[in-house]
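Quick one: structure below, then a few questions.
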Amino acid sequence: MKYWQKIMTVTWKDTIAEMRTREIISSVLVFTLLVIVIFNFAFGTNQTTLNLVAPGILWVTFTFAGVLSLNRAFVPEKEQGCLEGLMACPVSREVIYVGKMLASLLFMLIIEAIALPIFAFLFNLPVLSLQIIVITVLTTIGFVTVGTLFSALAVNTKAREMILPILFLPVVIPIIISAVLATGTALAGGSWSELASSLQIIAVFDVIFLVVSFLVFPYVIEE
Amino acid sequence: MEESGSASPSRAITVHGLTKSFGNHHALKGIDFEVSRGESVVIFGPNGAGKTTLIKILATIMNPSSGRILVDNLDLKDHAIKIRRSIGIVTHQTFLYGNLTARENLEFYARMYDVPDRQKRIRELVALVGMAHRLNDRVGTFSRGMQQRLSIARALLHRPSLMLLDEPETGLDQEANAMLWEALRSGETGTTPTIILTTHSLERGLEQCSRLLILVQGQITFEGSKQALKLDDLKRLYRHHTGVNA
Amino acid sequence: MLRKLLVWLGVTLMVFSLFLVFVYVPTERTMGIVQKIFYLMVPMGWLAILSFLIIFVGSIFYLAKKSRRWDNLAFCGAETGLVFTTLALIIGSIWAKPIWGVWWTWEPRLTATLVLWLIYIAYFMVRSFASEEYRGATFAAVVGIVGFVDIPIIILSTTLWRGMHPGPIIFQGGLEPAMLFTLLVSLAAFTVLYVLILTQRVSLRNDQMELARLKELYH
Amino acid sequence: MENTGFLLAAFSIVWAVVFGYILLMVNRQRKLRIEIASLKATLKEKGIE
């Protein structure tokens, strides 16, 4: 119980800091909108084409939004040595990982919750279904489990903005593939059982990388 | 922290054969020392001697490469979380989030350290460091000196029995520095804490501590109590061991 | 001594496998002679994954023990792995051209190999971007562990992506005994070669480290 | 026998790269060993090692 309280304390801290400046949510949201609009120019307004490329557009957008927001996750911790302050606190390193991960998850979900209706509106597509919401939530969990780990790593390197996408993108390719497939099936009116294999891959990814990141995170922040 | 005043005159810290390497660079090369409860020890040494590394290892922020450290007779490796509860740290970095208010910062750390009666304790401490009027302002808007004062409040929140002070005077003005020592001496934290201080200032170190160590290139080259030493002797001694004027 | 034995074993196996591939094994009917690239492609793919297994083991022990030797093993595994993964990609495209008429095709195994190759690149990038070398080693170890765990998921998802069922796609009805034998000998030959190359690389890296240490002493 | 060229190309590329890599390593190691030996000698003269 104590464990969860500490985790929530870290998440709470990140959340109020974000609420104060809206640095991540507002900038990533604007970025997301711009990408969606630009894709519209790139693929024209032909509804058949749009139906075909929509899943790809959606996930390219969310992937880059994820990279952008995760890049910021550990920046405040490096100012004024806060990460060391956190490490000196009487909690295990994993608490820091899970707390920060949950905060990033929350921010990403807020961004997606705003972006999805806009996407539906601009592309005239029924993306506000339960199926797509489940796909989005599961995939986003996958993004932030690995992303939080790599974000903590990237912030300790030179050129940290560059290193996160280089690490993050190849590793999350399996869930991007699965999310695109599942979204396509869902948009075409497929049943849950048709989504099952994609969703399974995403879920397996989430669980495995939650465990792996949990285990290796301490090594990333300790010297 | 509660048992720090217990009857056994045991040691607060035992460091044995401590080494730390960063790749090919050996920051600490086998360090041994002991600190008794309530004692205050100052560590002198030129830049790059390993002072900050030593403090970080004692604070469990960094892992040693080898060696054994006992804090309150508990092995640091096995009881890190328990030991962290009794440690307070002040360094030239404040560990404060610029986007949070003073209250939120303190509240955050108070929760992390399970401080009982949080609000009361926070009020007490901001009053102590003279920051009560800025409690609801964002720390990012504070001057350097004010942030440092708040950082002292942060370090004392959980009434630590072991204070690690890594060059605290960097960024602390005279007044805040005096305030820090006053708080530590007055028993604000419950009992007089054990103190380990690193500093460049021989005067201040000698003034505040009962024992001193000189650390040069990752090794302790001198250890002694201050009784016999005057500032001039210390200066000579320091030059002798480090080859640098203090 | 052991090494000499291994060299001879490797040379013998290699010559034998060449004989099997070019003389002994029958030519597959539908794909013709180009199918024989298969005996090269499978070992390359196997070495790409074996190398990542070595990176994985080296990385775990490096994180646990922080000993330079384990990082050296992981690093050398990564370098040889990158060489063989690159070869796997090249051979894959030489295979694709006569069969499908294009140099690159998003065939599941080829796609998975490409993703693996990108992770290898990330492994080296993170090292060169780290501010200090020892931190780079730690970060690379993390990438090595995450990357290895990712491999089965990558293979699963790329297979699903192309709408193919997992399993052999090169031969519908399984391998003929002669083909299987040839394949096994090729695998053995390349594995021995791999061990030789890896040990050579590790010994080279140890020398590099020794030189760095001596230079440090000198200064 | 169509496509024999592709087969031969594949085999020769693999062998070229493998032998190139081995040669590169052996070469580098030989140079390194010479450097190490000379450095050790100088260090010995200076009495460090």
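The chains carry the letters A, B, C and D, assigned in the order they are written, with residues numbered from 1 in each.
The definition used in the following text is that contacts are C-beta pairs under 8 Å (C-beta built on N, C-alpha and C of every residue); 3 or more make two chains touch, one makes a residue touch a chain.
Quick caveat: nothing in here was measured; it's all calculated off a predicted structure.
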Counting C-beta pairs in contact for B-C and for A-B, the higher total belongs to A-B
Rounded to the nearest Å, the gap between Cα centres of chain B and chain D is 52
Per the C-alpha centroid definition, the whole-Å distance linking chain A and chain B comes out as 39
Whole-Å distance, C-alpha centre of chain A to that of chain C, is 31
Multi-partner residues in chain A (2 or more other chains touched) are 223
Multi-partner residues in chain C (2 or more other chains touched) are none
Listed in rising order, chain B residues that touch 2 or more other chains are 22
Listing every touching pair of chains gives A-B, A-C, B-C, C-D
Residue positions on chain C within touch of chain D in the complex are 32-34, 36-37, 40, 44, 80, 83, 86-87, 90-91, 94-95, 97-98, 193, 197, 200-201, 203-204, 207-208, 210-211, 214-215, 217-218
Chain B residues touching chain C in their complex are 22-24, 65
As the complex stands, chain B meets chain A at residues 22, 56, 59-63, 81-82, 84-85, 87, 89, 91, 93-100, 104, 108-109, 111-114, 138, 147, 154
In the complex, the residues of chain A that touch chain C are 146, 149, 153, 156-159, 162-163, 166-167, 169-171, 173-175, 177-178, 181, 197-198, 201, 204-205, 208-209, 212-213, 216, 219-220, 223
Contacts from chain C onto chain B in the complex sit at residues 66, 132-134, 137, 212-213, 216
